[in-house]
Amino acid sequence: METLLNFWHDSGIYQLEPGQFAMMIVAFGMLYLAIKKGFEPLLLLPIAVGTLMVNIPGAGLGWSAAEQAIRTGGADVLEQFRTLLGLAANADIATMLDAYHHAETPIYKQAVMLGKTLGFENGMLYTFYSMTIASGVAPLLIFMGVGAMTDFGPLLANPKTLLLGAAAQFGIFGTVIGAVLMTHYGITDFSAMQAAAIGIIGGADGPTSIFIASKLAPELLGAIAVAAYSYMALVPMIQPPIMKLFTTAEERKIKMEQLRTVSKLEKILFPLAVLVLVAFILPSAAPLLGMFCFGNLMKESGVVERLSDTAQNALINVVTIFLGLSVGYKMSSDAFLNWETIAIIVLGLVAFCVGTAAGVLMAKAMNLFLKTPINPLIGSAGVSAVPMAARVSNKVGLEYNPQNFLLMHAMGPNVAGVIGSAVAAGVMLSYFG
Amino acid sequence: METLLNFWHDSGIYQLEPGQFAMMIVAFGMLYLAIKKGFEPLLLLPIAVGTLMVNIPGAGLGWSAAEQAIRTGGADVLEQFRTLLGLAANADIATMLDAYHHAETPIYKQAVMLGKTLGFENGMLYTFYSMTIASGVAPLLIFMGVGAMTDFGPLLANPKTLLLGAAAQFGIFGTVIGAVLMTHYGITDFSAMQAAAIGIIGGADGPTSIFIASKLAPELLGAIAVAAYSYMALVPMIQPPIMKLFTTAEERKIKMEQLRTVSKLEKILFPLAVLVLVAFILPSAAPLLGMFCFGNLMKESGVVERLSDTAQNALINVVTIFLGLSVGYKMSSDAFLNWETIAIIVLGLVAFCVGTAAGVLMAKAMNLFLKTPINPLIGSAGVSAVPMAARVSNKVGLEYNPQNFLLMHAMGPNVAGVIGSAVAAGVMLSYFG
Amino acid sequence: METLLNFWHDSGIYQLEPGQFAMMIVAFGMLYLAIKKGFEPLLLLPIAVGTLMVNIPGAGLGWSAAEQAIRTGGADVLEQFRTLLGLAANADIATMLDAYHHAETPIYKQAVMLGKTLGFENGMLYTFYSMTIASGVAPLLIFMGVGAMTDFGPLLANPKTLLLGAAAQFGIFGTVIGAVLMTHYGITDFSAMQAAAIGIIGGADGPTSIFIASKLAPELLGAIAVAAYSYMALVPMIQPPIMKLFTTAEERKIKMEQLRTVSKLEKILFPLAVLVLVAFILPSAAPLLGMFCFGNLMKESGVVERLSDTAQNALINVVTIFLGLSVGYKMSSDAFLNWETIAIIVLGLVAFCVGTAAGVLMAKAMNLFLKTPINPLIGSAGVSAVPMAARVSNKVGLEYNPQNFLLMHAMGPNVAGVIGSAVAAGVMLSYFG
Amino acid sequence: MSPIVADGLGLLGFGMGTVFVFLILLIFATSIMSTIVNKYFPEAAPVPAKKRSQPSQGADPQLLKVLAAAVKEHKARQK
Amino acid sequence: MSPIVADGLGLLGFGMGTVFVFLILLIFATSIMSTIVNKYFPEAAPVPAKKRSQPSQGADPQLLKVLAAAVKEHKARQK
Amino acid sequence: MSPIVADGLGLLGFGMGTVFVFLILLIFATSIMSTIVNKYFPEAAPVPAKKRSQPSQGADPQLLKVLAAAVKEHKARQK
């Protein structure tokens, strides 16, 4: 009878907390968006499954060895953790967990190590998170793969569109100001680092968002990743009204002449030029842009096709699977179900809108100086979200001039936006580093 | 002359122990079975090579940094290990190795760390074993890949065949009883955890067996893995006599009507249903079944084909290579060449027979209540060993009724058996956790 | 204003050291060779990018957590490192870095761990290096992939060509003598281990060179890897003059009869025979040759095609990417820009020449005893550099006898050279182990 | 009864009990799910998903020619 | 001005400043590079490289390679 | 003789010695193995292994599906 009772106490229903149940609903919502609506399914589907898993009551998939030890260890185990955490001998488990989660880095790391030494094990999702995100490796490898898929031809044919990619980053820093003001007026309680991590959502670049969040505000990583990928999927709905708001029908009809062909050598030299500029101006952007340029160089050099192929396929796919599940580790109810998440979602939307507007307005400003005007609709592509944003420019353009194909012209600012937000990420790392 | 002597002392022939030689013979036997007889070559071939490697005298491929230090370190190194292991100052190397191998987890882990700090290195197979099996990662990734290859359509078309997959798990728990009784009567000296790990062989599921053995009885992992994969390969020889023993010719001729088509949405919802049930009822099965359902969801959702492809191919292949070699790490002569291994092999055979019989008898029992009877030959497929067991059902069925194709009907209990043994594995982890 | 100044101090141009600039030039030189000249681009391109990255001023991609802590940590952090490194309380950062880099293994490892415990992180390239090269895993996996690509058919048809692969290893040990004499006469200051690591360049085998250098002389790894791959690419230019110097026109015209067909079973048994010989004679060669034989067995067994495929493609490509970048970690200016590098380059060239000559002369020596003479041009293929060296033999042969196709005959000594240099590597590990 | 035999029987009881409870619940869940799906979402949901993997209508003669040539060459190479 | 607002404005200034400086420098670098390439290395370099990825008329060797791999894999899976 | 030169000569001797001993033993082992194989298992062993990769006769519909998918992916990649 007693064992039956134990078994019931071990079951999920008995242990289920309302927050966990709510997060399961959130996970199902993400699955619906990913599968039925096609919202960035490559990331949202694994994130959703990771969310489900981490919220399974009692399974401890997201517990470190330390948390495992504190929750399930005997009196002598608890004693050692109390000493390490500097707690009184009668501190209960909730107090210990709280102290552990908010411990300074050295103590935190020693606690995890103590747990492992005592024979406890890290949960599966904690292991995945440590290996892929906390180490920074996974976003970098995805950046390498994205680099190997990127064609800088349109950008090289019309390098001044780099300015559009620069302007659109205003979405990032404008959002930082928004987050900072929300804190200033007492609406939220974001630190400067958290505000910066939230702002990067406006870069419309999933791996960059995850990379920066893992460095500056890991506690917000779940919400930031979900917001970033969701809005990237919503680009076709968010951008057109803004694009139309800031342009006249006349401007939208501006026809752009065909791009010149770009030679192979230019394409090979471009990633090297970016890398040298990074080295000389903004070393803190070196990991992200270095791996990106490496991927692109593998592609354009044409001599390492088997490596380029692997970077674009097997490797990026493996990393994506683990990255998605690992984000799930940060989707526990206490990290996600609070006002900060709402604020992040609102600010993320603002970021996208501001970035889109800044790109369009920059294009209009450039037209004041250029002999051959550019169609301001391609400015919105500067937020990156490759190639979705460029397709949106093309589609809106066709609505007003069925002969005007903007896709290739928009690809220039589009890939410029990727570089732009990686630069912005580097600034943030340098500012807080 | 002295150096020549040293060289001879370093050579393999000089150092070769009879046990190592015997294990090399075992390895060649496995290679013969894998290559010539086609016994689960994907696993048995790497396991055999791992076995060869770990038994190379003096190469130390299976030594941890601690063992390397104890075997080859100087006096000061030995001194530190004696202190850590609590041994007298005159303890010899054999005593130290023995103390190290049987040390409590905290001491064991500290010894490995001490070895590394002193500049010694883990051997290759020890490294692979730690990364893939001890961490639990490799079996989970294989389960994900298997999930991505599994079609639950036949099961969804006839969900009551889940009962056959449940009944066949009797092979697992019946074998536990067998192992326990052998110990009770003094034939062997298995602990309860070892008995449980041996029982899981009856699940006819290689990765599950390795996963459970690594948690409950790592010292038996080699024998358990080899037994599990060997018997899975022997399914076409083991099952038919038992199937015929428990059925009448009339029953074997029962014709089953064609299965209804199953909609895409049902296939998408099924892995989610399993995952929710796991969350609510048996959280300890979450890692195995979670990854399995994740793989299946990737396949069925149809929106992440590149991830599903990678999970089924590149990733599972890489993991299989390392998993096989790593099992070899547990194939040292002192771990394998003893009566326990014989007992495990006998018990594994019993497990398969009992599971097969239980599945068949369950089908017959169900026919007492069902209007449309099911062919009891599909009951044997409940042991899993996908898709071998289902093919056996089909083949035996065709012998008695050349028009009766049971393959699709047997696929239902066959995949149900996978879920069933993962559930059984969860029960064991929960029972001893 | 002050912050602007800080920003300028953070920039790369401000921090750029002349050595870093020079290494960037070196990197661009390697890129030119890899992309334009086709010099082993699969390795040289990633190495070049790694070199660029590690020399980005201030980015710290090659810093361990300890170096990161010493360079950027506060007073209390420095205090702890001074204590660990046994330095005076007023030791400055340069002194500390020097002490850290030259610390004994236990202290070095404790320093890295201290850095991590204090919350600092290993730089990206340091992480890659630790995981792939320091652990020894990457060269071993490449060896496995190479094994899965190797056809021992020609060797089995004419096993006496193994002697040519043995003779060519004279390049390795002759170079060791060269390095040792340079030290003896005060030209350089190589230790015996460094001399051995340099000699292995003569094996014409990239992964073996990296593997041995990482064990015996990690401080020279960058130069050794670059020299090894560069000379492998230069085989078509280095070898022909030497081959002609040591042969008469008559000898070069010797026609060899067609090789017999080799049965599948022989091909399966050959890697096992190698592995058994390794086990009995030279256990220290077990990791390299074990993985090589494993790869070959996967290929020849024909029963694990999906594993063999993965070993030859996805896995080896992934490993190559990381291996190349990781070599870059050892391409810092202070490790590369010195006379040792020049000496290594000179010695590497000598190694290739000596090995080539030894192979050719061995063939001539064998002809004194053989009834059917062999064409001494295939002797040069014994240095390995598969399949480049065999193609060179073929090409030179065709120059003198347009009907004499030596390619298949040269493949025998060519793959024998791979085994030969792995054996030589084992001898070195055993000698210094 | 020795403690290890008790453990064995305990595992047998809990184990087979849990396996049956779990799979019986899964039968119910699956049946209900299937009923709902087939009643309220009959083949509507799967269509767009299926489209992705459906072989495009119309046989592309050139493609087939290329394929035939490829297969032929592949087989020739295998010999 | 509270310190966090100062941080925000600092980030805005440095951030947008650096982004623009970086990308403007990149425009110059790219333009100069393109000019030099098109003047001194006009299409000479790319030709041999391009050949690799250009879809050749008739039988595409890369396509054949992919097909061969596909056939091999398919057969392996069928076992 | 300085110790490092001694080390070098030692390596030379042991190294070339071991390399030759190893490879000469391998010649013997290989020759014996080949003789036995060709005498007692002449071409019998390889046949079943070869069968696996033999192209099946006739057009395999599943094969064509795989090929179509391969072409699709290849073209997608080429874009």
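A, B, C, D, E and F label the chains in the order they appear, each numbered from 1.
Everything below uses one rule, namely that a contact is a pair of C-beta atoms (placed from the backbone, for glycine too) under 8 Å apart; a residue touches a chain by one contact, two chains touch by 3 or more.
By chain, UniProt protein names: A, B, C = Oxaloacetate decarboxylase beta chain; D, E, F = Probable oxaloacetate decarboxylase gamma chain.
Small disclaimer: the values here were computed from a predicted structure and weren't measured.
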Magnitude of the superposing rotation for chain A and chain B (Cα, nearest 5°): 120
Taking each chain's C-alpha mean as its centre, the one farthest from chain D: C
Centroid distance [mean C-alpha coordinates] between chain F and chain B, Å: 29
Chain D and chain E: spacing of chain centres that average the CA atoms, whole Å: 39
Centroid distance [mean C-alpha coordinates] between chain D and chain A, Å: 32
Multi-partner residues of chain B (at least 2 other chains): 7, 35, 281-282, 301-303, 313-314
Junction residues of chain E - those touching two or more other chains: 10, 14, 45, 53, 63, 67, 71-73
Complex contact set, residues of chain C against chain A: 7, 10-13, 15-16, 24, 28, 31, 34-35, 38, 41-42, 45-46, 49, 52-53, 55-59, 61, 116-119, 121, 124, 127, 313-314, 317-318, 320-321, 325
In the complex with chain A, residue positions of chain E that touch it: 2-5, 7-12, 14-16, 18-27, 29-31, 33-34, 37-38, 41-43, 45-46, 49-50, 52-53
Residues of chain C touching chain F in the complex: 155-156, 159-160, 162-163, 165-166, 169-170, 172-174, 176-177, 179-181, 183-184, 190-192, 195-196, 199, 262-266, 268-270, 273-274, 277, 281-282, 301-303, 305, 416, 419-420, 423-424, 426-428, 431
Residue numbers on chain C that touch chain B, as the complex places them: 104-106, 109-110, 135-137, 140, 144, 268, 272, 275-276, 278-284, 286-287, 290, 293-294, 297-298, 301-304, 306-307, 309-311, 314-315, 430
